[in-house]
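Single-structure report; data block below.
Letters are used for the chains, namely A, B, C and D, taken in the order the chains are written, and counting of residues starts over at 1 for each.
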Amino acid sequence: MSAMHDRVARNFAAQGLMKTLGARLARVDDGEVQIEMPASPALSQQLGYAHAGAVTSIVDSACGYAALTRAPEGCDVVTAEFKVNFLRPALGERFVAVGKVVSAGKTMGVCTGEVRAYREGAQEYKVVALMQATMVFVRP
Amino acid sequence: MSAMHDRVARNFAAQGLMKTLGARLARVDDGEVQIEMPASPALSQQLGYAHAGAVTSIVDSACGYAALTRAPEGCDVVTAEFKVNFLRPALGERFVAVGKVVSAGKTMGVCTGEVRAYREGAQEYKVVALMQATMVFVRP
Amino acid sequence: MSAMHDRVARNFAAQGLMKTLGARLARVDDGEVQIEMPASPALSQQLGYAHAGAVTSIVDSACGYAALTRAPEGCDVVTAEFKVNFLRPALGERFVAVGKVVSAGKTMGVCTGEVRAYREGAQEYKVVALMQATMVFVRP
Amino acid sequence: MSAMHDRVARNFAAQGLMKTLGARLARVDDGEVQIEMPASPALSQQLGYAHAGAVTSIVDSACGYAALTRAPEGCDVVTAEFKVNFLRPALGERFVAVGKVVSAGKTMGVCTGEVRAYREGAQEYKVVALMQATMVFVRP
């Protein structure tokens, strides 16, 4: 496990919400992080789809951790703002949020993210949400 | 309890995520809905604040239900998109999300929302997040 | 003319785009700036309304200048990001963009804005666009 | 010239703002449109860069026209909302806005866009702005 993966994994383990949502860190690359979350009635909105808030939570964390892989040494990352478009109902067996860094400076980074929905047994996914976000580097 | 309150309350009760987050419907007026959520380690990000995703979840639902109070008869509401700015760390004993309808037509509505953080024993709040959202009316 | 008004007015005069759009600085208060733009075929989209880009330009500048009234001494302001909802067709004789600071720190500020459309001879306006923006303070 | 290109080109010619900004339609493909705009002091903000509003105007039109290539027969396109992140100062000899359709239904489409800045004589570009937008199909 690389130092970069370790840095992200320790931070992820400290996010109570990720545990509450049943999410797990699926992949950490330089500038890209993936988080997976199984579908559950505990995450639903009123029609049975995954709630926009649950979908947003994992892609926000994925973008934040993507930014963390590019953050200055000793810095943590907090979300300044994001925008999400919901392209279709979040239906599936599991969801994978992919966050990528588009550009990063000394004080902030801009990321894009998407959430992919996988139906049971399917290899192919459908993108259910798109994020564009600004992450800020902070010294805790 | 008014028909409008009842319409929102039944819908809210069907959102698994609201229960998971410990959120409750606090107020329903024509064009404005409030949702309250106590702070909890189960909702935290890595520094112990409420996670941006938890904060977003309640203000998304508050905006959606504000739109529902103006939705055509028989319609439900789903989120098309939103944008959130996080103004300061989400620290407090409890959070109240306020969603308001700015304009609503036959097929969609635009809402603004904010999340207020209350410290223990304090009457005054600090706004920790601002939302601007588009809600779409759908016939289930 | 106050030092604050003067600071904004000199900066505004240096924005070539404001002149190109026929916009003028209408009001400068602490934390709030208004910019007015007469409707013109030169600003139109294909249906004859004011183009979303023209509407956005004046409310972006209004938000930026609202932030400038709260910027640290010697700092200029640039736009980090914004989001705009268009509530109705931008029809009118003139448009007034109002930008307000919601919160400002040492390095950035969050603003909200709206664009008001005035029909010929009318005292009342309709809000045609809503903005939520992040402005960054820079030392030129 | 294809029917699709013709449909976009006629619509573009009716946008007064595009002429005012000196913008021209550079490319029309199914689901993707490019608009080019030369840098000019008439488009500047106070530091001499292209104003965020000018940059936004061309990428808004590029996204709108990308949506138009997927719009139902007889429909026009208007912008419901967009969000733009500005990644770096908009410096260059010319700017090319690229708008792409991510998904489109019967009543609306979601698009992403970027604005590329070309320095004098350079083949390579830098992305100065990222857009995520919702376009609505209307019957004029």
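General remarks:
In this section, a contact is a pair of C-beta atoms (placed from the backbone, for glycine too) under 8 Å apart; a residue touches a chain by one contact, two chains touch by 3 or more.
Everything quoted here is computed from the prediction, not taken from an experiment.
Looking at the partners of chain C and chain D together, the chains they share are A, B.
Two copies of one chain, chain B and chain D, touch each other, and the residues they use overlap strongly: the shared fraction of interface numbers exceeds half.
For chain A, the chain with the farthest CA centroid is C. Between the CA-based centres of chain A and chain B the separation comes to 21 Å, rounded to the whole angstrom. Chain geometry summary: the mean Cα position of chain B and that of chain D are 33 Å apart. Between chain A and chain D the centroid-to-centroid distance comes to 29 Å (mean Cα coordinates, whole Å). Contacts with at least two other chains are made by residues 80-81, 83, 85, 110, 134 of chain B.
Residue ranges on chain C touching chain B, taken from their complex, read 83, 85, 87-88, 102-103, 110, 112, 127, 130, 132, 134. Remark: chain C residues 80-81, 83, 107-108, 110, 134 touch chain A in the complex. Residue ranges on chain A touching chain B, taken from their complex, read 11-12, 14-17, 19-21, 40-47, 51-54, 56-58, 60-61, 76, 78-86, 89, 140.
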